[in-house]
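Chain naming follows the written order as A, B, C, D and E, and within any one chain the residues start at number 1.
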Amino acid sequence: MKVTIDGRELEVENGTTILQAAQKLGVDIPTFCYHPGLSAPANCRMCLVNTNKAPKLLPACYATCMDGMEVKTNDEKTLRTRKSTLEFILLHHPVDCPICDQAGECVLQDNYFAHSAQPSRNFTRKNHKPKATPIGNNVILDAERCIVCTRCVRFCDEVSKTNELQVVNRGERSFVTTFPGRALDNDYATNTVDICPVGALTSRDFRFKMRVWFLKSASSICSGCSKGCNITVDHGGGNTQRYRPRENQAVNRWWMCDPGRLSYKQFQDNRLTDAQIDGVVHPVREALSAAARRLRSAGDPSKVAVVPSLLMSNEDAVALAVLTKRAGFGGWYVGGRAAGKEDALLQKADKNPNRAGVMAVAKAFGIETNPLTALATAGASATLWFGHEHAVDPKVLAAVQQLSRVVVASNASEWTAGASVSLPSRTFEECSGTWISVDGHLQRFAAGPEAKGASVAIWDLCFRLLRSLGVMDVMPPASPDQVVAEHGQAVPELASMPPALPPAPGRPDQLRKARAA
Amino acid sequence: MSTAVLNAIKSKFASGVRSAHSHCGDDTVVLDRKVILDVARYLKSDQAMAFNMPIDCTAVDYLDFPGGDAAGSDETRGVGGFAGARFEVVYHLYSTTRKHRIRLKVALDESDVNTPSLTQVWLGMDWFEREAWDMYGIRFDGHPDLRRILLYEEFVGHPLRKDYPLRGYQPLVPIAKLDRDNEDPKLVNTDLNPEAPE
Amino acid sequence: MSNHLVDSRNVDSRSQAPRFAKLWTPTEVDADEPGLMRVQMGPSHPAMHGTVRMDVILEGETIRDMDVDIGYLHRGFEIQAENATWTQVVPYTDRLNYLSSLCNNVGYVLAVEKLLGIDVTPRCKWIRMISAEIARIADHLTALAAGALELGGFTPMLFGIQAREEFYKVIEHLCGARLTTAYTRIGGLRWDLPDNFEAGYRKAEASLKKNLADMDKMLTRNRIFYDRMADTGIISQEDAIEYGWTGPCLRSTGVEYDVRKAHPYLFYDKVSFDIPLGHKGDNYDRYLVRIAELRESLKIIDQCFKYMEPGPVNVDDWSIVLPPKEAVYNTIEGMIAHFKLIMEGIAVPKGEAYGYTEAANGELGFYMVSAGVGKPWRVHCRAPCFALVQALKPMMLGEQLADIIPTFDTINMIGGEIDR
Amino acid sequence: MGYKVARPELNIFEKSYVPEILKGVGVSSRHFFRNIFGKKDIVTVEYPEVKPDYASRYRGHHRLMAREDGTARCVACMLCSTACPAHCITIEAGDYGDTDVEKYPVKFEIDLLVCVYCGMCEEACPCDAIRMDSGIHTPSQMYRKDGRVGKVDLMALGDLSIAKQGGELS
Amino acid sequence: MDPILAAVLFAIIKISIILLGYVMLFATVLTWLERKYSALIQDRIGPNRAEVAGLRLGGLFHMIADPIKVLFKEDFMPRTENPIMYKMAPWLSVVPPMVIFAVIPFGPGDMFVISNAPLGMLFIFAIAGLGVYGSVFGAWASNSKFALLGGLRATAQMISYEVAMGLNLVGVFMIYESMSLQGIIVEQGETLWGFLPAWGLFLQPVSFILFMASAIAENKRAPFDLTEAESELVAGYFTEYSSMKFALFSLGEFIEIIAIACIASCMFLGGWQIPFVDATGGIILTSLQILAFLFKVFVLVWLQMTIRWTLPRFRYDQLMKLGWLYILPLSLANILATGVWLYFAA
């Protein structure tokens, strides 16, 4: 089938919508209610385009292409209709940009500025609707700002299938709300905030924290479970401010779960920023030699139990494997977070993002792995401990506390308390690396916020510790990619590394289309 | 304005002209650096050209220029002209007798940032080229005295390059970091950036 | 010390000045040679306005070699501009030539408008012309007054400054600040003219005329002043052009090049004014040309007041200028436009442009590259002083130490502009 | 068109220094005698006693405007800190928990030592909250930290703003 | 009482009164007066902030406040090889002008002059020649290139103009046939042709102009202040001085202003002579004559200050040219003309 869009011809399959065809050509058609992951109700009327097949304008998101169709997306009629649609949508929109979190990433702002930019002709009093109503644990509704695109309603119907939301009233008084007695409290509720084109639904967690145009973004992977959902880490002021899902049709499509979305918080409390020897702050360099001394004084190196963190990237794991082998340490005692909730959509019971990767590295290097519980009875004399996140087992905890411990962790926890030497590591947000998800996807994440304090990436620490231990013939690599390239050839899972991530979409001004000259 | 100049250069130095355009009323010729010196000499000496006044010389770094990657078509690279290499040296010339202007551009790759110095034609290019060297690290071959001009000799790097870090310090003397709330007025904190890490 | 008694300048004052004997040389005199003395003038020296250092090698009081070292006021204007929205650059331009900020403001926005391809309203053009000419007057007055001060004439300097103060008052009424004006906006102006603006200007004009007459009486025909200025700091026409000189300094050599005439912008083609030219390009000519330009500027402003008509000062396009405040406070359309412009800046189409205007010191050019977003990809400022000061060395070789001072003044080096 | 400026050539009389010196002395003396006996042309303002009049547009110390109930009009939209070319404004937003206003600045701090007084913040304010028309120039400070002026001080200079807002034009 | 002892005591009293009561007081007032005067020329108010008990008196207290302030300033001393020379220099520039007053007659007779030396003018030349050492020592010992340049200029300038200054007065000596100041003043009491006082100003007008020019040059004040030319040499030979040492240099300058005014009024304006009153004696007349002298001195001080605040300064070679090519030949010509005239008049 042949369609012509703005004079450019395109061959499409039957059933393709005009919008999809236009996207293939790179023609921009503004939308509000359309979302590729949801059904198309065609109720915002923003995407109306002029065609030769119908006397009236057709909604591009819903109307399918017909053979010989000629579509005009920027003729005078379409443009005038867009202006009218925008004027209509803005008729009762409150003057809320100053207090609206969406300002800066608001589709309404973008579309108005790109397609209308004309003054108001509004001389009527604006409608008032409920404002700032919490409709769930994570979502706040401002009904005045709602343009009734019903994306959120459709999300609850079609994706989370929990059906909490509905549209009430008619005409200009209609707005979205929950069914009586229900709350929007499913595990995917905050996705409605992401897909809301305006500021009607805002995140309770992110509310008023920071203006979105101050945020910088980095493409990353969620660390909340082993699913490996693709996310964007938005950070500003040196801290992660929020996670947003990033589209990956193979893993998480457009969505992510609320527990994962809030998982950035666990890296913000009790952050370890300095190296400590017996609880006293020292430079990392000194702490490394102290760690080497403590590990050597444990006697037989095979009595040193290594506990990897399952938040480690594959690069870290390779570095640790090199360290374990070259220093002659004993096996790995693999702990990790306790198993949790699993559902059909995204959440996985295994809450450790890189169990698959760490195990694959251990296997490839021939390192014996035991469950962490075995450490209580292993008879180790010292331990090289990574991570703060391992589920607490009182018996293991008691046993570990007896040992001389070198702890590498980003945050403080029961496991790090009382360590003889503690080294600050970076969180995964602050490093770049790869993880292998439970489904076997090898995925890359990029560094976001600046590293805190004196913290060092784990792979770097491992190689430096190796030198402190007296193994001088291993040159520390310069980057995580080099770690895998030089030492990780033995790991079949890491044979083909994913390509480097393109830079994450930054602030809106970098995305903006230029005004036509 | 005066496409005559454009045409003259195009016809005389056809092999060295990469592209030419008039955008926003400015005539621009993108030249190969092999011919830039000849073009300059021609422009100065020819009676019909008579570009006797060097107005300006500067450089632009097009690293990560939107739409400037290799895949970008000529169209997306913009009429304003970005010739495809990382650096561009931009000359502006003026003729006080003919009252016309021209912009010459030389595209330079990151790996080879040498271009002939036009001080051999106009002495007034002297400081402008020194500034371009200082800020972008463009090496002007044949410049008699290519030193840093705005920054100090000990400065490392070329700060207007897009990959030069925006924040950070490169002090000649160590900067005393002060506790912001217990400042001694006699000491001067040179850190004026409120976003700088404390 | 060979030339106490005879004038070292072997120049017939009626002929065209000769070309420099030696046009450009890198530093080649060895300061350790016996009989030579190396003097570091600056960066903190009374005569080095702004901060500039002159590494002078003297033989007695004669300059054998010198190197002008600039950069002490370098604050990274160009990299700042790359990290600010197009509008946010306007306050940065105030600090280029801080004596005539309004000229810089006007020059910058004209360059951006060239890239945007828009034309501002007639009233806006008249007001921009008035403000630029007032700034030019203030700048010339400073140069003239400082010239007297550098030669020890404190009283004439204060007369000049007195008149300048009056113009700064006018500027303050116009835009709320005297030096850091930040007055123009892309597509318009921050404000229309205030009430009673013309009355305030007339007062300043009267003060200028009165004080200029006093300065003139005390200096122009005074032989001490004449001897210090005439035949010192000579540059020939060819050399001035060769070094990229523009503005009053170029015109003092007799070259008729003024951007306002050669390539009229705003409404400079609608007003009548003349270009004063000098005879041989010495300090005295530059002094006379500046005085004559003051009178021309007054003429231009008079005509601007005559031709100006009421009307809007901003273009009617919310994607370029901020909406009026009532629309911002009360309509969502205005609010969105306001937010978009401030969050993201004006989306200037991709391309490059070189906008040039006649600032107080000469051709002020802004070469800018836009990547099509709200922030400039590159803004390069072609500062007129930069070209002027680079010719200082060939001008001063063989002259006396004391001649640096009036020469440096009459070429009116402005640290903020040269260092950027 | 261009014309050559009249360049005086000194005559022999002027070359003898004396007459021109006397002319200069005459100008000096005229000013002296006018200022001491006649109409005073003195332009100096005796500052602490006599304050110069600032122009109505003068951009001085910032101030935060208030609503009728005395709270700040500012809703912490951060446009001023975005528009600020010197990055001198720090705002932290808070939640009133009130459906009328919702958002307010918990902290509003301007570093007067960093501020360049360009007026971009008042131009950017969509709520008539920040203004620079206080007519007060910035006081000098002993310590750098005193240059960081907070919400309370800015409110103290403020006034009631009666600008209509929020589409209630009717 | 021993007459010698009495004479010595009397001399000491005269010295104290003249130096402390007149020269120093006048110089101190001048520091204020110059600032105030220049302010009024320039349409400013000038110093007016110092106050005692709410009284400001147009800033008169500044002349007390300034020395106090200067005394308490940090006395910075550069690293130098010659600390003694460095410390000596300010005194060398303040003492010689004070010594000049030893031969200045403030009134008729021996009563109002410390030493009525017969060759008073020679004494003055001798002492004034010493003034150069203040600048040169200061410049040399400061260990600064700007100071050195200033010192070099000062040497050349003072030596050149010393000659011109001396030659200018030869005409006066020839006419009045005396080198004693008192003698010259007495001669000026006569009247020429019945209406014009026989002042040097009228008998030697060229001499007067040249003398004032070379005397101002000798004092290194504008337009001849290129030894300190602040725009070129920062502050010339006293760049490196601070506190009271700095103040001494400027005090020396002010004393020299008075000294020049005194000498010029003695030589050219008839000293203490009141025009058309060719008589001495009597308390009232003597007082009037002293006042007349002070008035003449004041007028000449005013003239110097006005010139100072009106003119730009010379360049070094122009100054030398003026001294050697114009003033010196002119004064020689003046001597010649005077001699010819005297020859034929006799």
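Heads up, the rule we're going with is that contacts are C-beta pairs under 8 Å (C-beta built on N, C-alpha and C of every residue); 3 or more make two chains touch, one makes a residue touch a chain.
Note that the coordinates shown come from a computational prediction; the quantities given were computed from them, not determined experimentally.
K.L.:
By the touch rule set out at the top, what is the minimum number of steps from chain C to chain E?
P.N.:
When the steps are counted carefully, the minimum from chain C to chain E is 1.
K.L.:
Taking each chain's centre as the mean of its C-alpha atoms, give the chain farthest from chain E.
P.N.:
Chain centre farthest from chain E's centre: A.
K.L.:
If you average the Cα atoms of chain A and of chain D to get two centres, how far apart are those centres in Å?
P.N.:
About 46 Å separates the centre of chain A from that of chain D.
K.L.:
With chain centres defined as C-alpha means, what is the inter-centre distance between chain A and chain E in Å?
P.N.:
Their C-alpha centroids are separated by 87 Å.
K.L.:
Using Cα averages as centroids, what's the distance between chain A and chain C in whole Å?
P.N.:
Computed value for the inter-centroid distance: 52 Å.
K.L.:
Could you state the distance in Å from the CA-based centre of chain C to that of chain D?
P.N.:
24
K.L.:
Any chance you could list the residues of chain B touching two or more other chains?
P.N.:
66
K.L.:
Note the residues in chain C that touch 2 or more other chains, in rising order.
P.N.:
117, 155, 162, 218, 222, 224, 329-332, 335, 338-339, 343, 350-351, 370, 372-373, in rising order.
K.L.:
Would you please write down the residue numbers of chain A that are in contact with two or more other chains?
P.N.:
94-95, 97-98, 103, 122, 213, 510
K.L.:
Touching chain E in the complex: which residues of chain C?
P.N.:
Chain C residues touching chain E: 3-8, 37, 39, 45-47, 61, 148-156, 158-159, 162, 218-219, 222, 224-225, 227-228, 400-405.
K.L.:
Help me check something: in the complex, which residues belonging to chain C touch chain D?
P.N.:
80, 84, 87-92, 94, 155, 162, 165, 169, 172-177, 180, 182, 190-191, 194, 214, 217-218, 220-224, 226, 251, 254, 256, 261, 274-279, 284-285, 288-289, 291-292, 322, 325, 328-332, 335, 338-339, 342-343
K.L.:
Within the complex, which stretch of chain C touches chain A?
P.N.:
85, 116-117, 317-319, 323, 327, 329-340, 343-351, 370, 372-375
K.L.:
For the complex, give me every residue of chain E touching chain C.
P.N.:
38, 41-44, 145-146, 149, 156, 222-223, 225-226, 229-232, 234, 309-318, 320-321, 324-325
K.L.:
Any idea which chain A residues touch chain C in the complex?
P.N.:
90, 93-98, 103-104, 108-109, 112-113, 116-120, 122, 213, 508-510, 512-517
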